[in-house]
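Okay, so here's the structure we're looking at.
Order of writing sets the labels: A, B, C and D. Residues in every chain begin at 1.
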Amino acid sequence: MAGNTFGTLFKLTTFGESHGKAIGGVLDGCPSGINLDLEAIQHELDRRKPGQSAIVTQRKEPDEVVFYSGIFEGRTTGTPIGFAIYNTNQKSKDYSHIKDSYRPSHADYVYDKKYGFRDYRGGGRSSARETASRVVAGAIAKQFLDGISINAYVSQVGSLRLEKAYSELDLKQTESNAVRCPDPETAARMESYIKEVRKEGDTIGGIISCVIQNVPVGLGEPVFDKLHAELGKAMLSINAVKGFEYGSGFEGVKMKGSVHNDQFNTDGSTSTNNSGGVQGGISNGMDIYFNVAFKPVATIIQPYETIDKEGNMVKTKGKGRHDPCVVPRAVPIVEAMAALVLADFTLLNRTIKL
Amino acid sequence: MAGNTFGTLFKLTTFGESHGKAIGGVLDGCPSGINLDLEAIQHELDRRKPGQSAIVTQRKEPDEVVFYSGIFEGRTTGTPIGFAIYNTNQKSKDYSHIKDSYRPSHADYVYDKKYGFRDYRGGGRSSARETASRVVAGAIAKQFLDGISINAYVSQVGSLRLEKAYSELDLKQTESNAVRCPDPETAARMESYIKEVRKEGDTIGGIISCVIQNVPVGLGEPVFDKLHAELGKAMLSINAVKGFEYGSGFEGVKMKGSVHNDQFNTDGSTSTNNSGGVQGGISNGMDIYFNVAFKPVATIIQPYETIDKEGNMVKTKGKGRHDPCVVPRAVPIVEAMAALVLADFTLLNRTIKL
Amino acid sequence: MAGNTFGTLFKLTTFGESHGKAIGGVLDGCPSGINLDLEAIQHELDRRKPGQSAIVTQRKEPDEVVFYSGIFEGRTTGTPIGFAIYNTNQKSKDYSHIKDSYRPSHADYVYDKKYGFRDYRGGGRSSARETASRVVAGAIAKQFLDGISINAYVSQVGSLRLEKAYSELDLKQTESNAVRCPDPETAARMESYIKEVRKEGDTIGGIISCVIQNVPVGLGEPVFDKLHAELGKAMLSINAVKGFEYGSGFEGVKMKGSVHNDQFNTDGSTSTNNSGGVQGGISNGMDIYFNVAFKPVATIIQPYETIDKEGNMVKTKGKGRHDPCVVPRAVPIVEAMAALVLADFTLLNRTIKL
Amino acid sequence: MAGNTFGTLFKLTTFGESHGKAIGGVLDGCPSGINLDLEAIQHELDRRKPGQSAIVTQRKEPDEVVFYSGIFEGRTTGTPIGFAIYNTNQKSKDYSHIKDSYRPSHADYVYDKKYGFRDYRGGGRSSARETASRVVAGAIAKQFLDGISINAYVSQVGSLRLEKAYSELDLKQTESNAVRCPDPETAARMESYIKEVRKEGDTIGGIISCVIQNVPVGLGEPVFDKLHAELGKAMLSINAVKGFEYGSGFEGVKMKGSVHNDQFNTDGSTSTNNSGGVQGGISNGMDIYFNVAFKPVATIIQPYETIDKEGNMVKTKGKGRHDPCVVPRAVPIVEAMAALVLADFTLLNRTIKL
């Protein structure tokens, strides 16, 4: 169980290192009969790919997905969907600054200790490049979940916080700017700030908020596989994520029960939604919303000291083209992981009654 | 996959409703040869049980665990450990306020919708009573993890926040007071506040912090089963939990990479620990620490309106003896779930090298 | 993954040693809303229990199942069904002939080597007593599979073979005799033979045949989890089983394709059924039939030499009350395991189309 | 759980249809640090590929495996090994005889019924072509299992049976002839017979025997995941397999316990081996041996009647180049599946003691 499979029925297994021949995956358990919109899948990959705007890494990779199986005459067949994305940018580079030393707050050190050695090129398996495979599978999950809408957006960069709730925002604006913040004014301030940070050779963290609408009642499998617990795991499995909260979240701890409780309307909906669309681990039909905290990217373009394999201090400097802030590109990843969770629970929910 | 199993190798399956005959579980995959301290297991259950102090529910249940299998002559045999805790407090009560109506922010409504009907007595399977089984298995995991220390404590009740980091606290003080906050002065204020809330028939949320020390390098299975992702899922699967953050957490998003990065010492340790003991999803040998947010308990002893099964508004009132604040009793549950995660990854980590 | 869980969605986990406090299990994933016939469950246990006839072990154990959870007002709730069967016959016996030496063709030696030590009383976990838990879960699966009939029977004892195919037999006769062979004349000969073998203090093997009727088309999940592959695993996991074949089986290897192929009728049924109701790992709606080979029970009441823990040769003799032939009591176990496989695939099959 | 994953820790997921772009898989959980002999992997594929001799299908496919990930500088990294084998022979053919009608004893009918439609080209996912991916993963497992030898061979074709036990054979002769029978004289007779059957446009079944030597004591996870139960499932999951028996197998049912029991030698080995190297589901260090029955290939080059999708009778005829007898090419597949089972249990066995 090396941990590269996600899901119980709608099940994704990914493979691939940052600078190997290809990354990709197998999506098993996707129901038959889905008329796949392949362009929509590629579109999701394009939202995630490097080089798409001035505030993300300037690496150029086309990130085109190739499907090997599981689709016939435009429809899913119910058999596993194998796919790959070739690593076209894997030219032989100078990796001496990575090969024998450990970059702070990267996975270099722990991979070497755990596995005995590592593919050091571009971070190998620990690179966020792997998440492209998740975006492919998530895009298929979205098509399976036709009718459910999943919208993520950037709600915080550093200390710049979008103070509006999702219900006050026009989420169609998310893609209108490079930051993927649906409030144009806040987006502009975030963009300026990211550019400033980039000039310093530094990086900054951020928060992605996500809202899922039109979810049927009943998704989630207590007691361990609660809907929000799987969403939390899904989000925390994304590179650089440090925290997850849903509904009232960390702020909710300050509330009294008499205020926090969501009163029922006669149709089963609730007048408030501190529950965040999930009660007892099961969706209640209200909007699901949550926040995901991303730390600042560890790769900075500044000189620093670190240790080599022998434990000697060495001076080095980050190189290459990296993201000053990861959240704009992580928006489609958050959506993809949310879609995988919902697709899995949708299938599981078909099996629980006589 | 109705979701009642946790873990891949060190694997707990639980069963039981709040007012059925018994709750319990099967712990499969526990290695053979552990000299079990049965009193230590019962001690963990006692930390969780109702009626132990003035600020928790005054229900009286002995919560004694009975082991059926997997232990011979005091040692684990490597075969599954079956156990049960009888529900002694299951006298026939008046459940009319629950049976036909849905308590706000409880799981009544979603269970009825998902399964078609429900065991309404005391919340049935959705009751936090189920977590007693986790505490049993977690106590065994703790003994397996001999040498690793796992200490949880209450760090916030409502807006009352313990401002000290775990390193400034004497964690041995956690059990010295009813709140389980290791800072006596803050504990006293929290206790008063909880009593005040209880008098109002209301409830209040809180935060539990947890620190895990002496963890070897290498635990965690990327890319999906990252150490912190499984910890997050484990915590989010506990009743009433709304959020999880580790290391720098949500505050970390405001930091720049140059500040957030943890610089290496020559022995592989780091001078700061914003990573929270986990890098790339794998433990790096530093302390693991995280926060878990709990919402206020939904059961309040105040009159309220809600709907019945037919969607009619009905007036009702919470009854019985409930916790005004869940966090004091949830401390051993957080520790138990953390222990289960670490035990599982400890076994998995034996399998990853030639 | 110590191997005590069976099934993916309709999932049984068992626990318990032969002479511990209890055996039992947790059945998770059983759909809600089944009106359970508890007497029918106990009836299946009675078919398996010791002491029921002159040709099985004369041990007396009532084998009464107690349900702890998952059933409310007579119906399954969709939550895990926990149950136990107490070991009432666990009086302190003289185990010196087992404790320090290894009985030939039992699991004593391998358990000691694998786990470091073992619960030697009555074979501990390796005892066929564990299968009582399977019978409980299988009986629930049978009720879920209402409409599908599963009938096993003894078709061979030693070299005494029932030469008729299942279609020539009146399967209602199976329970009319102690051997559970539906052909009365053959049954009588088998019974005499078993008694003769018992007098010698010896044991004898046999074959159980099973036929499953009214199976819908579509059960089975290729490529690895083919219907017959899971049936095979299920049967081979029963104590003393040495072989499994379905449809034409081992005899089919002698046939040519032109003869072996099952020609279609216009309604999709086939005129012959060498396929045994399964094609490409998926049920085709025809009867599923298979044979399961059981070796002679290893415990014989004759003097023999074996080794002790230190590798010294020791003389000993089998004691107690054992089955001279295991197949009569194994009939309900075969049916139970078949029911578990079909129940799981029935649930899985709900998830494979859009 | 569409059933395309095999193994718990050493875990293979395969994808691909007979005439799609590629088949392949992801092997997750393979330990790091194995110096892979890539030629040895390709050699196993060559043993399985079409066109290698006069008695197998004359299709020509190079079946070259491409590795995408998980291998760095010649060694496994512990990350998932992604690989593909391109389908070079997928020229546009006339499939009208397959597209709208159902070939007898193929999976055409059940795939259509289960999934709603199917990729009919060459049998799609139900084609034995998929097993090439298993051979790749099995070849890696063999290298991991350095020291354990796994040798399969053809022991029966039709009624022609090799009467010698594996211990009387020189298994190095297996590859000396096209049939893969280690007894040259029997091999010659089998070869003549297969040619004769092919001339008739017919096919014939057969048996593959397999022996595994130098297995350590302790592999296998009772009670459900017994070593022989997983081997049985592994074999039954191979296309065309109808039966599995190990050790004394179906013949063992005729034996008395006093004869069948394997007496211990003082070193823990046994003087006979009716147990087939497995006791109580756990390897005992003796040779593991088993038989696998294969039915005759369903595709025959003779005219036949069958039904179309609408249930009308249609006359048709098998086309193309097919195997008259599947067992010669299935020998490496049996070995591959055995290797996967042993690799998985080898890893699991590292986790069962303190």
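Just so we're on the same page, a contact is a pair of C-beta atoms (placed from the backbone, for glycine too) under 8 Å apart; a residue touches a chain by one contact, two chains touch by 3 or more.
Nothing here was measured: the structure is a model prediction, and the numbers come from that model.
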Chain hops separating subunit D from subunit B, counting only touching neighbours: 1
More contacts between chains, A-B or A-D: A-B
From subunit D, the most remote chain by mean C-alpha position: B
Cα-centroid distance, subunit A relative to subunit C, in whole angstrom: 46
Centroid distance [mean C-alpha coordinates] between subunit B and subunit A, Å: 26
Computed distance of Cα centres, subunit D from subunit A, in Å: 39
Sites on subunit D at which at least two other chains make contact: 1-5, 8-9, 14, 29, 32-33, 78, 114-116, 125, 348, 352-353
Subunit A to subunit B touching residues, read off their complex: 1-6, 8-9, 14, 102, 104-107, 109-111, 113-116, 125-126, 130, 156, 158-159, 197, 200, 202-207, 217-218, 220-226, 228-230, 232-233, 236-237, 239, 242-250, 252-258, 260-268, 270, 274-276, 279-284, 291, 293-300, 302, 304-307, 311-313, 348-349, 352-353
Contacting residues of subunit B [partner subunit D, same complex]: 8-9, 29, 31-34, 76, 78, 144, 347-348, 350-354
Residues on subunit D engaged by subunit A in the complex (per definition of touch): 1-5, 8-9, 11, 13-17, 20-26, 28-30, 32-33, 66-70, 72, 75, 77-82, 84, 114-119, 124-125
